[in-house]
Amino acid sequence: MFSSRVVPLTKDAELPAAARDAIALLQMQYVHAIDNDDIERWPQFFTEACVYQIISRGEYDQGRLIGVWFCDNRGMLEDRVSALREVNIYEPHVYRHILGPTEILSFSEGAWSTQTSYIVVRTMADGGMSVFSAGRYVDEIVFDGEVARFRKRRVVTDSGCYDTLVVIPL
Amino acid sequence: MFSSRVVPLTKDAELPAAARDAIALLQMQYVHAIDNDDIERWPQFFTEACVYQIISRGEYDQGRLIGVWFCDNRGMLEDRVSALREVNIYEPHVYRHILGPTEILSFSEGAWSTQTSYIVVRTMADGGMSVFSAGRYVDEIVFDGEVARFRKRRVVTDSGCYDTLVVIPL
Amino acid sequence: MFSSRVVPLTKDAELPAAARDAIALLQMQYVHAIDNDDIERWPQFFTEACVYQIISRGEYDQGRLIGVWFCDNRGMLEDRVSALREVNIYEPHVYRHILGPTEILSFSEGAWSTQTSYIVVRTMADGGMSVFSAGRYVDEIVFDGEVARFRKRRVVTDSGCYDTLVVIPL
């Protein structure tokens, strides 16, 4: 088998192709749900007990895992979606995520640890666009039969400054 | 088989791997042709009778399918290329597309319906760079033997404001 | 076999799937090493005798292959890493690369010639983000047994203007 690895950092080879495909599909459907106004699907990508948080790279590297968003079960994610649909967002906007490929790092306690780079462009109602966030997803992914879900998704942002407008999940 | 889908939204499983690879290659070669100054190849990615349009997300969601660009056959695409090569563009610039993976949504009337997120960075002759467009391609892809082509490509832009400089196709 | 190619531009079909996977892994690990502060791994992605350069599109198209960075062996790359770790960068910042898929163009003199589009977002210590570079990697990739490495990596930037802050490799 061919490999670009100088040292065996990953357990890639042990992950079946079907599971790898399911993880890629999970990553794609997650961002399509958010970006294409299908946000009601967003909680479905997580397990019932789960962690979702947005945290800066500096905080993450120092082990201060608080962040600006923290949810630890699917109900909290559903509440976020309801709030998003019910309130008037001061300045309407949409996201567009582009992801890099998912790197499989290890397998532990029934979950695959992975990391995936992302860039998010935000478009405001007046048409203005900007890079809103860049960073990486640090995930723990589990399989419930054939279905892959996030048991833990940490959005580790390269920037430590947050716009007050983080109302849509990243 | 593994799957991240809670509900069976797609016909992914029915698409042979070789066809999936051909679609990925089509998407890649399309953006490389535009970005790497090989624009003469651009019309080749479409069927003879085809639709290519650039339309804002707001117009698309409301079913007003007019847009800022509309071409309905390959000859019109070739005319666009000729015009691009012959006229002096007031401010020369190049694009760089980065795409997400292609989601296969359904199969109907001989074509695969798909969507693909994109971000385009524009670089001006003076070196200035900016996010020029973000959105998604909503496509209908057909196979002519082994060759995959766009029968319909709608560029659905997240922003409703267009720079007067949309002279290069997205 | 399915194919989107109107003309046989590439030798894709001749590249075994395992080699294709190894090239995708090399591309991913390269950018993760740079973006996730694991820069010491960066020289490992190159052969001992190698070329790494950053060059503008204009210079590249005219065959003036000088550029702002030029290294022709792995030791020079390691010196760059040491310098990066030892000196105080005036304004600390991090990169986030997002790549398109790798197009395999040809095979010659034992190496696969490929091109891969990229966008890099730079985040400064104060949280400010911007598109720092967009362009493509023009690579020659060789296999040493199962390990894929860059024998030549040219970073061809769409912009001809360089920030004085190019201290981290692209």
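So that you can tell them apart, the chains are marked A, B and C in the order they are listed, and the count of residues begins at 1 in each.
In the analysis below, a contact is a pair of C-beta atoms (placed from the backbone, for glycine too) under 8 Å apart; a residue touches a chain by one contact, two chains touch by 3 or more.
Computed from a predicted model, the values in this text were never measured in an experiment.
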item: Copy-to-copy rotation for chain A and chain B - C-alpha atoms, rounded to a multiple of 5°; value: 120
item: Same vs different contact residues, chain B with chain C, by half of numbers used; value: different
item: Between chain C and chain B, distance of the C-alpha-averaged centres to the nearest whole Å; value: 26
item: Shared-contact residues (touching 2 or more other chains) in chain A; value: 98-99, 119, 131
item: Chain C contact footprint on chain A (complex, rising order); value: 1-6, 9, 12, 57, 61, 98-101, 103, 115, 117-119, 131, 133-136, 158-161
item: In the complex, chain B residues that touch chain C; value: 16, 18-19, 21-26, 28-29, 31-32, 35-37, 41, 44-45, 94, 96-99, 119, 121, 123, 126-131, 143, 146-149
